[in-house]
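Working notes, beginning with the structure itself.
A, B, C and D are the chain letters, set down in written order, and residue numbers restart from 1 in every chain.
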Amino acid sequence: MAQLTFREAISRGIAQEMRRDETVLAIGEDIGAAGGVFKGTVGLFEEFGPVRVRDTPISEQAILGAAMGAAMTGLKPIAEIMFSDFFAVCWDIVVNQIAKSRYMTNGQMTFPLVIRSGNGGGLRFGAQHSQSVENWAMMVPGLKVVVPSNALDVIGLMAAAVRDPDPVIFLEAKSLYASKMDVPEGDIVDTLGSAKVLRQGSDATLVSLGAMVPRALKAAEELAAAGIDCTVVDVRSLVPLDTATIMREVTATGRLFTVEENPRLCGWGGELSSIVAEEAFYDLDGPIVRITTPHIPLPAADALEDMAIPSVERIVATVATSMGA
Amino acid sequence: MTTTTSPDLDLDAKLELYRMQVGLRQFEKRAYDLFLENYVKGTSHLSLGQEAIAAGFAAAMRPDDYTFATYRGHAHTLARGVPMTPVLAELMGRTNGLMAGKGGSMHLTSVEHGVMGSYAIIGAHLPIACGAAWSAQYRGTEQVAVCFFGDGSTNIGAFHEALNFAAIWKLPVVFVCENNLWMEYTRTTEITAVPNPAADRASAYGLESIIVDGNDVDAVYAVATTAIERARAGEGPSLIEALTYRHGGHSRADPGKYRPDDEVAEWLAKDPIPMYHARLLGEGATEAQLVEIELSVAAEVDRATEEAKAGPTPGADLLMKDVWADGGSAWRN
Amino acid sequence: MAQLTFREAISRGIAQEMRRDETVLAIGEDIGAAGGVFKGTVGLFEEFGPVRVRDTPISEQAILGAAMGAAMTGLKPIAEIMFSDFFAVCWDIVVNQIAKSRYMTNGQMTFPLVIRSGNGGGLRFGAQHSQSVENWAMMVPGLKVVVPSNALDVIGLMAAAVRDPDPVIFLEAKSLYASKMDVPEGDIVDTLGSAKVLRQGSDATLVSLGAMVPRALKAAEELAAAGIDCTVVDVRSLVPLDTATIMREVTATGRLFTVEENPRLCGWGGELSSIVAEEAFYDLDGPIVRITTPHIPLPAADALEDMAIPSVERIVATVATSMGA
Amino acid sequence: MTTTTSPDLDLDAKLELYRMQVGLRQFEKRAYDLFLENYVKGTSHLSLGQEAIAAGFAAAMRPDDYTFATYRGHAHTLARGVPMTPVLAELMGRTNGLMAGKGGSMHLTSVEHGVMGSYAIIGAHLPIACGAAWSAQYRGTEQVAVCFFGDGSTNIGAFHEALNFAAIWKLPVVFVCENNLWMEYTRTTEITAVPNPAADRASAYGLESIIVDGNDVDAVYAVATTAIERARAGEGPSLIEALTYRHGGHSRADPGKYRPDDEVAEWLAKDPIPMYHARLLGEGATEAQLVEIELSVAAEVDRATEEAKAGPTPGADLLMKDVWADGGSAWRN
């Protein structure tokens, strides 16, 4: 067991896979000697050298185009898009090319690639460097979408993503980079499409993702003190989506609350809500409530940003009110 | 125009180049007819008049080299050896199509033949071609990626990113701008800051400015050979501008009326196929040989048409197939 | 009254506003003398000349950047993105720049601009020229999103969009371009954010958008014959969203069906479903059911495309089954 | 390097240029200190060492001209006359900030002063500047847009699209590449196909290649004046590469250790401010005059610091304000 930060887990996860498989390469801006602007690739350049860990120009379309072309010809690239907001400058390669080409070619091509990116707010970076874009990615047929909430999951899900033959968008919550946990030595390989139940309760089910997971857990503790016993589910992977686990936990309590960092409209929670409202309608004991960032661009000031993103207090208050407590 | 030394091709090889061009020509004409007859349902963008570029490059490529084409990709696909039947059937949306009807005219792909896709969003495939070239470089296979695009496509951001990227990583990729003077209905020089949209940008990436007569298959073959060998030898990318003209409209039933009559006439007079026909006669081929080629190609096109028409319409099983590598489309358990 | 096609309505709507206001300009690829690839701008070049109706290079970022810079300095541009799939090559300008800059500058800037685009399938154009991207746009805070379903609405909503001081994404269903209807002479100005009830029923409410509206109406007729009496709502504008009308009609029947062309995950219907499941839960008599294109890239073949996009038959069958008929 | 004629500035004007540079320098130093003291919460990108470019251009602009800056935009904002207090307060996230704390360091905007925004996604503001220039052209106002960006930003697609677009429409826009040799932690020449990332691309847009010593405010002023007047006269865009160096790291507390010591030393020796100080003494200014400027600027920075610190923290009312032009954020009724 070693204490590992979330950011250290990224490079450990990548290194684990690069050691195993020579066709795994990493590219991105400043990921080489500099170790990445979030220090998520520290040590990789030293261990694997400049051919396998390569700095690129500020050319996000070229970065992802390169990853796509390499994947279709036998490599397994891990490309970094520094901030997930920057997906907007290379969105075509992601949604129109990578996501669709296997289907369009009737399965002639396979795209075993991972695109990792720093996602979400909390660092007071303002509207163009703080977005949670998990719903951008979930919305697009042909992309898998993984959002780990802790260092252990980072390693295991990174391994699963690299080994998966399909394109995986791997979103790293920037506000979690400094978080720490004990992680066992040795290889760690997890499974895509498996949600985790982190806490079992009887009154309501909170379904959360990424940076919202620790907040949902904390809120559940406080709610328990107030007499509301919550299940907390960490979705971990939006596509594939573990609806089996989620539905089981929602029907068990009869109440669903989503805790989402993405802005309100068309979030993953809306999708989940619609699945539950269609398939488990008769098992629900009350409204489905979504706790999200409001539908606004994110403000830079710390005071404002803290009001925007769902906080433990807001989760507690919303659940308590809705449960009539 | 870059001077090209007469390529080292014997008459047989040249007859092959002729056959290829005639094949592309007759195929496209048939595709057009089938569009008018409502067999081809979606859109299609023909290479009529531009056959020499596809033929000259394909002839210079190694079987395991990579082609990246655009929506105007029938010719590039066929030139790599993909049979006519699956291409025509794809245009018609049949299960015997190259992608079982799922891609359509704009996305022809045959990995088996090195045709790594036809891309319908302007610019996207230039960076993707870089990726295939990077992969070849890493794997040490000496494969080369050849990436075709139009004059109008030189003004989109991805062009710039790809050219710089290929140059700094010295990637084995050859970028080929088929300059047919027009984007859809707008003349490219009207919306481009330089007269030669590709060649005049080469220096921005430390590359040589190369212009070739795209209607002269021998010239194309020569320039292609040089660039491909350069790439194969690890000397990096090239950017080639091939001057040509599309005989028809941009797509489907567009009559191309926005183009001045004399411009069309001028370029019809430079039609690559009669031009090559005449050259081959001068170089010792007989009229009978050439006619034989034309007839045998015609028979091939007829056969392909019948085979394509006989293909079944795809059913629901195909609809949900192959979103993922496991063959399915499930996004949940 | 004159019979007008949907495509003719586009240029009539634009012309109406260009005559009224000199600061309204139109730009895009081939929109000038050629009248647009979908013939949506026919006649504008002739009437307003090459300065106000201007062809651009194939440079979508430049087109929308130009629109944005012009809007912030006093003009009211109408920019065309030929196919809505191409938003992916200029998505940054849309989502990170245009949508956010008013908020980020604390209201210093205003962006009175319209981005029109051919949207959706039905023309056998394949996966990169057939997408319905209404949910891409709805998802982004700071964008208004309008999707007309008929020629009359095209004119009125175009006028409303041009006069609106905020950025409006105006999506034109390609499969409706050839549709015709009688349209009165004279200026027509509609209101953003108002849904229309096209048919009143008592058993279920079908909420539809764009090209799905005529299909929902047709389905409602067939369902009526089978004894299921449906309300049909045309959403018309996703942002602002007329939840008042929609909620009224949903609670009146107690059943909600959405009919969406966008692929399944995170569609506008999911958002609507989540609103209803939260706010009108106790008024529902049964599950909320979404009828969408499956979560796949769109196939090119006519036979396949017809199976993918919700058809009248699929709507009828889904509603009938769900209503236990 | 493009030779520049000595600009027509009298000593008073030059003293103003000195004051401006000293102001930018002292402001940035204070911003850095306040970052270390945790008053500045988010990120910030300082222009230490690059002041001559902001000062020289601002001095050449008309009050109603437009500035488009990047995340490294404090200097460009202040140089247009925006007072220090709201800028510092913005960095601290206070309601007396330029945008009440909603934008932050990377998005400084003051429409009133022609500062039409600071943009934090590489490349985006080049096309946007084209739009403002297009608007000025259409409205016939003879306003000019000046758009600043870094060397690393020349490899992104939007750069290419904007340059071509500005050239074909002859837009009154001046593109200024502040070449400080580095992108974040990567040397730009390592990932760029040409030695001068902007100037070597000018010909791709039919533009003249212009390089200026970005640490010499007189030279910058001269080149700026020429380009701006050209734009104002309807002669179209210019692309200028100004050579400079950032004294510190890329952002926040980055110590910039990836840069060789001798390179840093070489550029510190070319610091624009002591250089100009010496020049002004040679041109008749007295040490006392210059010290007075430095002291009065220091007092201004102190005052601004206190005023900024005194600003209130924004409340919930601001959070939901101004998504829309009606002042609100409602997306539904």
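Keep this in mind: a residue touches a chain if its C-beta (ideal position, glycine included) is under 8 Å from a C-beta of that chain, and two chains touch if they have at least 3 such contacts.
Owing to the predicted nature of the structure, the values given are computational and were not obtained by experimental measurement.
Engineer: Which neighbours does chain B have in common with chain C?
Structural biologist: Both-contact set = A, D.
Engineer: Count the C-beta contact pairs for C-D and for A-D, then tell me which is higher.
Structural biologist: Result: the pair with more contacts is C-D.
Engineer: Please work out the Cα centroid separation of chain A and chain B, and write it as a whole number of Å.
Structural biologist: Once rounded, the distance between the two centres reads 40 Å.
Engineer: Could you put a whole-Å number on the gap between the CA centroids of chain B and chain D?
Structural biologist: 45
Engineer: What is the distance in Å between the mean C-alpha positions of chain A and chain D?
Structural biologist: Centre separation, chain A to chain D: 36 Å.
Engineer: Find every residue in chain B that makes contact with two or more other chains and list them.
Structural biologist: If we look for residues of chain B contacting two or more partner chains, we find 100, 102-103, 107, 119, 121, 123-124, 155-158, 161, 164, 168, 190-192, 318, 323, 329, 331.
Engineer: Among the residues of chain A, which ones contact at least 2 other chains?
Structural biologist: Expected reply: 56-57, 59-61, 85-86, 88-89, 92, 96, 103-104, 126-128, 141-142, 239, 264-265, 294-297, 299-300.
Engineer: Please give the residue numbers of chain B that touch chain A in the complex, ascending.
Structural biologist: 66, 98-100, 102-103, 107, 109-112, 116-117, 119, 121, 123-136, 138-139, 145, 157-158, 161-162, 164-165, 168, 318, 321-327, 329-333
Engineer: Touching residues of chain C toward chain D in the complex: what are they?
Structural biologist: Where chain C meets chain D, its residues are 25, 51, 56-57, 59-62, 64-75, 77, 92-93, 96-97, 101-110, 112, 141-142, 164-166, 193, 239-244, 275.
Engineer: Which bits of chain B are touching chain D when the two form their complex?
Structural biologist: Going by the criterion above, the answer is residues 123, 155-161, 163-164, 167-168, 190-194, 200-201, 203-207.
Engineer: In their complex, what parts of chain B are in touch with chain C?
Structural biologist: Those in contact with chain C are residues 41-43, 93-94, 97, 100-107, 119-124, 152-153, 155-158, 183-186, 190-192, 258, 313-316, 318-320, 323, 329, 331.
Engineer: Where on chain C is chain A touching in the complex?
Structural biologist: Listed in rising order, the residues are 85-89, 91-92, 94-96, 99-100, 103-104, 126-128, 135-136, 138-142, 239, 263-271, 273-274, 276-279, 281-282, 284, 286-290, 295-297, 299-300.
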